[in-house]
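Just below sit the structures, each encoded as structure tokens.
Two complexes, one shared chain (chain A), two partners (chain B, chain C).
Entry: the complex of A and B
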């Protein structure tokens, strides 16, 4: 544990900041169709919020919230949402991701497009956020490595 | 397009790029690269491509820096050459 992780100021600020970062990430994902942003950027921001939490509160706390099993399930779920929406359009006789052919609740085709674009963005967002977090977990040194390093330094 | 702003930022980008490859301390190089990304994001927004600028700020200045620093934590953090 370094000095940064024990600082009360940083721990409190991170605890307050992380929910706002996540809310902003959800906003970016949901407004991807009408403005700048989208699934990828929102997913990266959401992942950055959790990575910030993990950096300060330790990798163990982070892994409790995002275990390997959960990240495997979530990343494949996001991919399935994306591919499934694309294939659903092919089932109804359109091309891959051609939204306006889907007869969803007998809505206007333009509105169906808007809804399905949001669904696809959510799928992309889930996959990107989980992959970013698992990249960080794989690269960052684990708690045992840190202990070993400090023991080696003492010797 | 404000050409003097563009010119200043592009000049800053070149200075950052040269500093990032010539500095010995790798942690400093990573921080300089992150400053490079942030200015690059402003340049993208200035050139009317907000989406690319958004991605540059989130990925280039955010995640890449974190991943580089996490890598440096497992290595020596100094360049040999």
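Entry: the complex of A and C
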């Protein structure tokens, strides 16, 4: 960590907050099938947690946890999960995203629907969180620019 | 049921989902090897073209296709409906997408060497958005795809000229967002009074409300008309269009100019005829009169402004504004012949304008010139490219034997049938203005002599750029001579269905 540092209070609070934010995000994603919530909202919250961390600890630290390569792969994976589930339903003779036709562990069709909706929500969540973070990285100045800016301010 | 039959049922959906999945897989494809990106786009666009053709063929032979997403029945679930109107528009999208895709190989490598992967991802997302807008039968789903296509278009434009591209994209973003908000408000109003989001269902529910002179429905119609007028760049609301077309990368200009506004016009037709009823739009509110007069103004003013431009892409952008006027004029006339002319012009304008923008891009690729007055001697340097420009330009003017003539002829006949002589004069005047601004370019290309003519060597654009341009120019002539095919198989029954009952076929 170089350059500007936020105060100890903020750093500590963020360090404690981020895991809770992300657990809440997972809760929202998993809640999608049976109540308000879902992949999009959950993904945004999850992404916001990581963005908060990056804002306080710097782009470099953030990028160590979410490299460009990883975000590319994850964004494709998330959508593939979603589309894959939809196509799976078609393979078993239903319409796109017609969950109840999939014979999964010989469960009740309604339960299969619930499980597969969760799978779809997870896929959406992954894509949304990665896109949120990569948007943030794309518009934020690099570490050197940031240092330069702060030096100019001091002068 | 064989495997083939199983997949045939899902073709309407796969037309939308294939480019979506492929667009998101692009980062992985590009990560393996950047050169694969183009082949991937080609493969996907070819598959999409086949599926769109199959859809249209099925519609012509067996009738409208319905596809229920997730197996939910229509008024509740999302339904994809393909009839003649959107089957036709989908085929145009897929075809122009493939042509621009072929062209993009060299052009993007030169203009955006570091952004190949994002460019192609966004390219496929734009195709997804446009396909989705066209195929869906659910108005909220329509809005989602509208946003997908608009956001992709903003991104494509922002990749263009350094600085200017971003500003143009930002202006477009503001205007586009305002338009999308109007459309969303309209959708919200309709949902509030009908409780349905399905287009066909809504058309059944709305007539009861017209009779009570329901203000909410009137407001919704007004919101839709304004929103779509911004999206298609109808004359008083066209401010975003010239900059956006001028500063986008050449490939993106061709794609956006060829498709975005056409799909906007499609949406306008769909909402006027298949959500509201023609009786409501044309007789009760007389929206059509406003539309035709705005279109007539757009035709004249677009052409006049095009004459004033020296940048070729900007000139073509203003010419687009006037051409959109032709399409909307045909629709606003709302008689059989005018309607056919307007719908035919969707096809024709997609070919002509795409070819012209591709030529502008090819000239820019080889010489770095966009100013018309520096084109001197190009006729000798790039004979094929300039020949394509000549054909597409003549077609735009409306010389008999090219596509432009057929649609203008139908539009003029349609105006006469309504007794609106003034529109015939508008069409004639605009054709003369078209000659003025195209002649300037022709004059510079073939008759303007640079100082050292003998030093000009033939230096043609790469073959991968020539192929799509030549195909489009050939189609401009083919459909000019054989306009019978699209008219007889698609547009006549379609216009009859739209005007007659008002219910989509």
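As a convention for this text, the second predicted complex is superposed on the first by the 142 of 155 C-alpha atoms of A that agree within 3 Å, B and C clash if a C-alpha of one lies under 4 Å from a C-alpha of the other, contacts with A are read in each partner's own complex, and residues count from 1 in each chain.
Going forward, a residue touches a chain if its C-beta (ideal position, glycine included) is under 8 Å from a C-beta of that chain, and two chains touch if they have at least 3 such contacts.
Small disclaimer: the values here were computed from a predicted structure and weren't measured.
S.K.: Mind working out whether A:73 is in touch with chain B, chain C, both or neither, as first, second, both or neither?
M.R.: second
S.K.: One more residue to check, A:127. First (chain B), second (chain C), both or neither?
M.R.: second
S.K.: Looking at the overlay, does A:95 come into contact with chain B only (first), chain C only (second), both, or neither?
M.R.: Second partner only, chain C.
S.K.: Once chain A of both complexes is superposed, is A:103 in touch with chain B (first), chain C (second), both, or neither?
M.R.: neither
S.K.: Kindly classify A:86 by the partners it touches after superposition: chain B alone (first), chain C alone (second), both, or neither?
M.R.: Once the two structures are laid over each other on A, A:86 reaches chain C alone.
S.K.: With the touch criterion stated at the top, can you tell me which chain A residues are shared between the chain B interface and the chain C interface?
M.R.: Chain A residues touching both partners: none found.
S.K.: Can you tell me which positions in chain A touch chain C when the two form their complex?
M.R.: Against chain C, chain A makes touches at 69, 72-73, 75-76, 79-80, 83, 86, 90, 93-101, 127.
S.K.: Sort out for me which residues of chain B touch chain A in the complex.
M.R.: Residue list for chain B touching chain A: 50-51, 53-55, 58-59, 62-63, 66-67, 70-71, 73-74.
S.K.: Note which residues of chain C are touching chain A in the complex, please.
M.R.: Per the touch definition, chain C meets chain A at residues 6, 10, 13, 17, 20-21, 24-28, 31, 67-71.
S.K.: Quick check: in the complex, which residue numbers of chain A touch chain B?
M.R.: 28, 36-38, 40-41, 44-45, 47-48, 51, 55, 132, 135-136, 139-141, 145
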